[in-house]
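My questions all concern the structure below.
Read from first to last, the chains carry the letters A, B, C and D; within each, the first residue is number 1.
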Amino acid sequence: MLQHFGPQVINLLAAVLLLLAFAMLSQRRILSLINLFAAQGFVLFLSTALVAALTDQKHLYVSAAVTLVLKVTLLPWILHRLIRRLNVKWDVETLINIPTTMLVGILLVILAFNLAAPISQLAGTVTRSTLGIALASMLLSFMMMITRSKAVPQVIGFLSMENGLFFAATAAVYGMPMVVELGVALDVLVAALILGVFIFEIRERFDTLDTRHLEKLKEH
Amino acid sequence: MSAAGIAAQFTELALAVLLAPLLTGWVNQCRAWLQNKSAPGILQPYRVLAKLFQKEVILAHNASSLFRSAPYLIFGSLALSAAIVPTLGTDLPLNEAADAIALVGLLALARLFIALAGMDVGTAFGTLGARREMMVGFLAEPALLMVFFTASLISHSTSLSTIVETIAHRELVIYPSMAFAGVAFVMVSLAENARIPIDNPATHLELTMIHEAMVLEYSGRHLALIEWAASLKLFVYMCIGLALFFPFGIAGGGDWLGLVLALPALAAKLAVGGAALALIEMLSAKMRIFRAPEFLGTAFLLAVLAMLVHVMLEG
Amino acid sequence: MLAPRSLRLASRVLFPAGAVAGLALAAVALQAIFGSPASRVLPLGLPDLPFHARIDALSAFFLLLLGAVAAGISTFASGYLRAGEGQPPGLQCLCYHAFLASMAAVLVADDAYFFMVAWETMALSSFFLVTSDHRHAEIRRAGYLYLLIAHLGAISILLCFGALQAGTGDYTFDAMRRIEQPAGWATVAFLLALAGFGAKAGIVPLHVWLPEAHPAAPSPVSALMSAVMLKTAVYGMLRVTLDLIGLPLWWWGVIALAAGLVSALFGIVFAAVQTDMKRLLAYSSIENIGLIMSGFGLTLLFRGFSMGTLAALALTATLYHCLNHAFFKSLLFLSAGSVLHATRERSLDRLGGLIQRMPWVAWCALVGTVAIAGLPPLNGFVSEWLLLQAFLFTPGLPHAYMNMLVPVAAAAIALAAALSGYVMVKFYGVVFLGQPREARLSETHDAGPWERTGLLWLAAGCVALGLAPVTVISLLDPITRSATGYGIGSHAGSWLFLAPIEPQRASYSPLLFFIVATLLVVVTWLSVRIFYHGRVRRAGPWDCGFPYLDSRMQDTAEGFGQPVRHVFEPFFRITLETPLPLDSRPRYRELVEDRLWYWLYLPVARAVERVTALVTVLQRGRISVYLMYSFATLLLLLLFVR
Amino acid sequence: MPIELFALLLSPLAGGAVLALIGHRPRAAEVNAVFSSLTFAAAAVLVARVIESGPLVALGEQLFVDSLNVFLVALTAFVAMTTSFFSRPYMRIEREHRRVTGPGMRLYHSMYQLFSFTMLLVLTTNNLGVMWVAMEAATLTTVLLVALYRTHASLEAAWKYFILCGVGIAQALFGTILVYFAAEKVLGPGTGSLLWTHLDAVKTELQPTVMSIAFVFLLVGYGTKVGLVPLHNWLPDAHAEGPTPISAVLSGLLLNVALYALIRCKVITDGALERPFASALLMGFGLISVVVAAFFLSRQRDVKRMFAYSSIEHMGLITFAFGMGGPVASFAGLLHMTVHSLTKSAIFFTAGHAAQQTGTQLMENIRGLAQVNPTAGWGLMLGTVAILGMPPFGVFASEFLILTTTIAVQPWAAPVLLLSLGVSFAAIFGKVQPLVFGEPTAARLPHPPALVPVFTHLALVLMLGLFIPPSLADWYRQAARLIG
């Protein structure tokens, strides 16, 4: 039963992931943005666990556990604490309005799909069709970083891009070797900590988190 | 290098040095007649020289050793140029030593020293004269060189004797290029010898004088030597003119008879030349100093034209 | 050795050692001219392109030139150096000898890498010397301009070597000599070489650095740069065209001739209006380099039409003028240096009457002036005479149009020579003769013993080169034979008479000429002395009876240049400030500038400025824009990949 | 596992840990120097072993050292050591000027050692995944150092550096995943198919389209770290705002390490694809970088920012050389990497010292360095002359080789390269000359600067310019053959 339904459930999870990426792209409020990020982490955990079950790869369970701990609980908690300490409740300012970003997002998805098409035929893994979706979600989060002017949304965009990459790994190759998975997870954690430190510093020095003030270093 | 050649060389030199003031006297004589004035006599330049040699030399306080040695250098170089130009015979020992370009260089050397001497005492007129002399110089010298080049293109050689021999002993051919060169040469010699259109030899009018301004500070025997050198320069220019354009009557190599005959021929030609010079001076008026470059520019242009004409027509 | 503070060590020991080394180099070179070309591979350089060194006749001649002139200049420098000016003496001494060594290396280099290393080390060490007194802003500007144009020249020389190796990848000169470059690549190589070496030699469009850099350098250095460094550029030109390219095309000669003539006239006309002693000499170097380039153009012209003997004559004239210019220009620069050192003054308007205080320097400078003006007994005249003789033979060219052009070229050369006489009278008259224009000039002292020996060595060189042309030409014979296949040394007449082709055609004997001239002068002096008494009385100058004569009534340098400014008006860019008639404090100022600065250099600078403005748009500081760049690159490449 | 390789990786790690504890104490700088020297010693022994006994594999094929990366290991360890010597007086003066606090010093020293550990790990690892992790760790360690002074500008620079490099490195991860995906087809799952040695052995059978897409992601990823032009925007800010030793190490070493990673991927991709797709891309990006960076220079007012742009230009030149391929070009590329690192770090030392003396990095108010402190002034002048490719120095040697091969391989590119080098010469020299010469504005400093490293570097570069020892030459040739 698992072998039969497994691939459809994974495709479903991939679709949910893509939906979450779009949602984050169109989100205006920081708090809900963080919750969406947590949701994305949870979906990633589910898919990794499912793939581990399907192909009984031991190290995938470990990586699923790490994802659960890191991306679903620890990082969102850090971000929430950060928002509370900075008592920042304002909505997310975007550089170009939401409808145009959505349009561009769709174009990106189409591009990602026909780019991933040749690769997925070759993929022997059961979840090969989800590679396109993983690439699409990565490009969408990249897009989110570009269009957001506040520091925190950029950080969240960066972390969701890492989620997209993890999903691509599981989709294409049943996850990277263990030592690489752990290394990447460690890097993401350290990156998040450093970004937190930075946001405090910027807030203290510039007393605003709008990156439009970070523009003095340029050629006159 | 025959004996006749050496003899011709020495007589030429002695002749030039002794007869130069006579030629200047003759030119002044002709000018006076043309202005129907009575001239002071043909030997007047000799009396002036004799007087000046007796006089005491008065030197300015800051006159340097260059000032005192310049007259001798100028006189020596002009005497040498007189020796180089073939007036009596063409077989001259000094012929291999110096050719047309060396002659022009020698005249330029004389001009350089007289200009430096003019600037030495540091008076306003001295430097003024030197500047004007050098301006005339830097336009006249290339013109003279181009005249010589036309002649050497015709005779395929720059040594003066060969030029004279080719022009004198070949059958009479009308060279249009030599015509241009002749006109250019006349204009250049007028400018170089400070004759009327560029500079008036007779007056000491401060603003117009070029040659006189440089020698203002000289006195006594130095002034004598400078005056003598000036007349020697006129004589040299006359001889160059004759050698290039009317070389008939100049003795060939090594025949004594030709030498003897050449003397009266030279005297006659110089007399005619002197008269022609006086006539030209009478007909033209002195130009403003800033018109001098145009005058000499045309001379330079004519000389270059002469060469082009030679290359195109007679090439 | 690096930076000894002690002045004594540098000037008493190191510079004379440099002079002795120069002499030794000259001796070795003299002997090497006649020997067969010796080549050796040095252990230095790139692994697969080690330094190749080779001395053949051409490089031996220039080494001789370098050694002889450097000997004189080094002796002068040992007396010239004084503490407190610019960098510590040790550093200057180090750069000076590095400069000499790199020039020698340029002359012996036999592969592109060694040549380029030596070439730019020469530029670099001379840059440090030029900016030795770097406290003044205009000296820094001059140094910068000099090194920039030198570097751009080096770039075009590197491209020229690229064109010469024509795809074989072998950058040794032997390989370049063997392969037969296609005509197209050979022309590209020639034009690049002309641009590269022209930039270093100071050919007109690229000459702007020369009048800035030479005056900025201390005098021995500017003498060395003017005398020898410009010649290394000529050597480079000769090496590339006559040796590496094999048979040159005739119309290359026309380009070189035109460039040479324009430089000659341009250089001398600008020299006439200068009021700074060393700028005047720098501009006159441009004129002499113009003469050398026109001689080189003539050589190519004859070589193109394979008229061997005439090419040999033109090449002899070119090399002879290189040697002469090295001697008399360094003599003049050194005398200007002594004047500068004695009076601390470089502008001509504050000098004058120095012949009384500095007789030694004055008389050596007179020898230099007569030599550079190209007047008979001395060496300037001999090379000009050879050049004019070469021009006289051109009507034999098969190309009708050429026959017309070359006489005009001869006229331009004659005009340039005459003008150089004018300029030198101005230089000598204003500096040494007349009344001192500044009160403090009265306590100047003459040059020290070391400086005098340097000046005398160079003056003796000028006289010797003037009086013994036939021996010098026989020295040049192996070079012309190797370069053009013919030599005029064998039948250049007996030791006394110089008759390049045959005696009837043209012959000149400087020795006989000099003896007869001195004889005549002595005879006149004696006859005047014997026949008439020698009474002399000192009194005030006559000056047409005007009593209140003072030093300001003399002609200033600017005044002396006025006729040339009037005659050659279109050459200059003159901005005139004349006072109004009712002006209470009338001020007359006339600024003479170089048109090329506004036509060529400023437009290039503005173009670079515009492109920079365009490019800096990339870096406007917004992080989202930067992210956009990276995103766009990714998408572009992905589209491109499929 | 050979002892020196173990020591090579362990000593910086241990140093990082130790200095994390005692980093703020006055003696910390000496400890830092000791650890760096230990690393360099280990590197030297490793070099000796690799030269005479060929490439070696260790730790169950996780670590791999051949002649290519051992040369970079030696270079990295050497420059890290000399920078630690330089940073001793420099940071003490910074601390006295109260620009850095106690904890800041601790952070500085520990991060410095961790940074050299990550670079050495990137160089010696055989596993592409671990290489990516180490590269990301290198970015993380230097981000905090760039923001050490906590000024507006340094925070902004650090933020941009982190975001741009983070995003770039993410692309590289996707590229690595695709490589692993392609390798899995041939070598089967497990860590085996990520090991470079295995990939190298089997690279012709890898699937071409996947490899080309993978290379695109890798190029954008690691290209951002190398500072190729469209992706270069973070580099000038990061190199100009951090403390000088960090700018020197960033400019000198990190760029080389990133390029090394890119070359490892290029070797695999070129093997997989018949047509030289990867080389063409590298050449394109290299040429654009040289031309665009050259034109950035004439508008600069900050000395370290100007030399950062010059680093972009030189990295573009090296990428162009490696893009051309062939033994001579690769040899020139490696030589240029060496001399560029040595000269650029020397320049940053002197420029940093000058900035410290005058208290500002703006070039208008730094004047007359040669008067106040001749060694620093002449060091900067000679460094600038060297970096601009004036012959007696090694930079000209490699530029000569690159240009001569360009004339042979791509004749149209030679004038473009030379003109941009000429423009950069005009710009940089025009700005540095008034710095060194002229009336002095700088004040003397309490502690004499440690300028010995500057002159050791310049001496090495001068030696490489005039005489390349044969042993070094063969070593470079072996490495060049590896690159192909």
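Following the convention adopted for this analysis, a contact is a pair of C-beta atoms (placed from the backbone, for glycine too) under 8 Å apart; a residue touches a chain by one contact, two chains touch by 3 or more.
Given the structure is predicted, the values throughout are model-derived calculations rather than measurements.
Across the assembly, the mean Cα position most removed from that of chain A is the one of B. Note on interfaces B-C and C-D: more C-beta pairs are in contact across B-C. Centrality annotation: C (chain centre taken as mean Cα position, compared with the mean over all protein Cα atoms). For this pair, chain B with chain C, the centres built from the Cα atoms lie 35 Å apart.
Chain centres here are Cα means. That of chain C falls 45 Å from that of chain D. Mean C-alpha positions place chain A and chain C at a centre distance of 71 Å.
Averaging C-alpha coordinates per chain places the centre of chain A 103 Å away from that of chain B. Among the residues of chain D, those in touch with two or more other chains are 159-160, 163, 167, 209, 213, 236, 296, 299. Shown for chain A are the residues that touch two or more other chains, namely 115, 142, 145, 154, 211, 214-217, 219-220.
Inter-chain contacts, as defined above, occur between A-C, A-D, B-C, C-D.
Those residues of chain C whose C-beta lies close enough to touch chain B in the complex are 352-353, 355-356, 359, 362, 366, 369-370, 373-376, 381, 384-385, 388-389, 392, 395, 403-404, 407-408, 410-411, 414-415, 417-419, 421-422, 424-426, 428-430, 433-435, 497, 499, 503-509, 512-513, 516-518, 520-521, 524-525, 528, 531-532, 534-544, 549, 551, 553-555, 559-560, 562-564, 566-567.
On the side of chain B, the complex with chain C involves touching residues 53-54, 56-66, 72-73, 75-77, 79-80, 83, 94, 96-99, 101-102, 105-106, 108-109, 111-112, 115-116, 119-128, 130-132, 134-135, 137-139, 141-142, 145-146, 149, 152-153, 156-159, 162, 204, 206, 216-217, 219-221, 225, 290, 293, 297, 300, 303-304, 307-308, 311-312, 315.
Taken together, the chain C residues at the contact with chain A in this complex read 616, 619-624, 627-628, 631, 635, 638, 642.
The touching residues of chain A, when paired with chain C in their complex, are 95, 111, 115, 142-143, 145-149, 154, 211-212, 214-220. On the side of chain C, the complex with chain D involves touching residues 3, 43-48, 112-113, 116-121, 123-124, 131, 134-135, 137, 140, 143-144, 147-148, 151-152, 155, 158-159, 162-163, 165, 167, 169, 171, 608-609, 611-616, 618-619, 623, 626-627, 629-630, 632-634, 637-638, 641-642.
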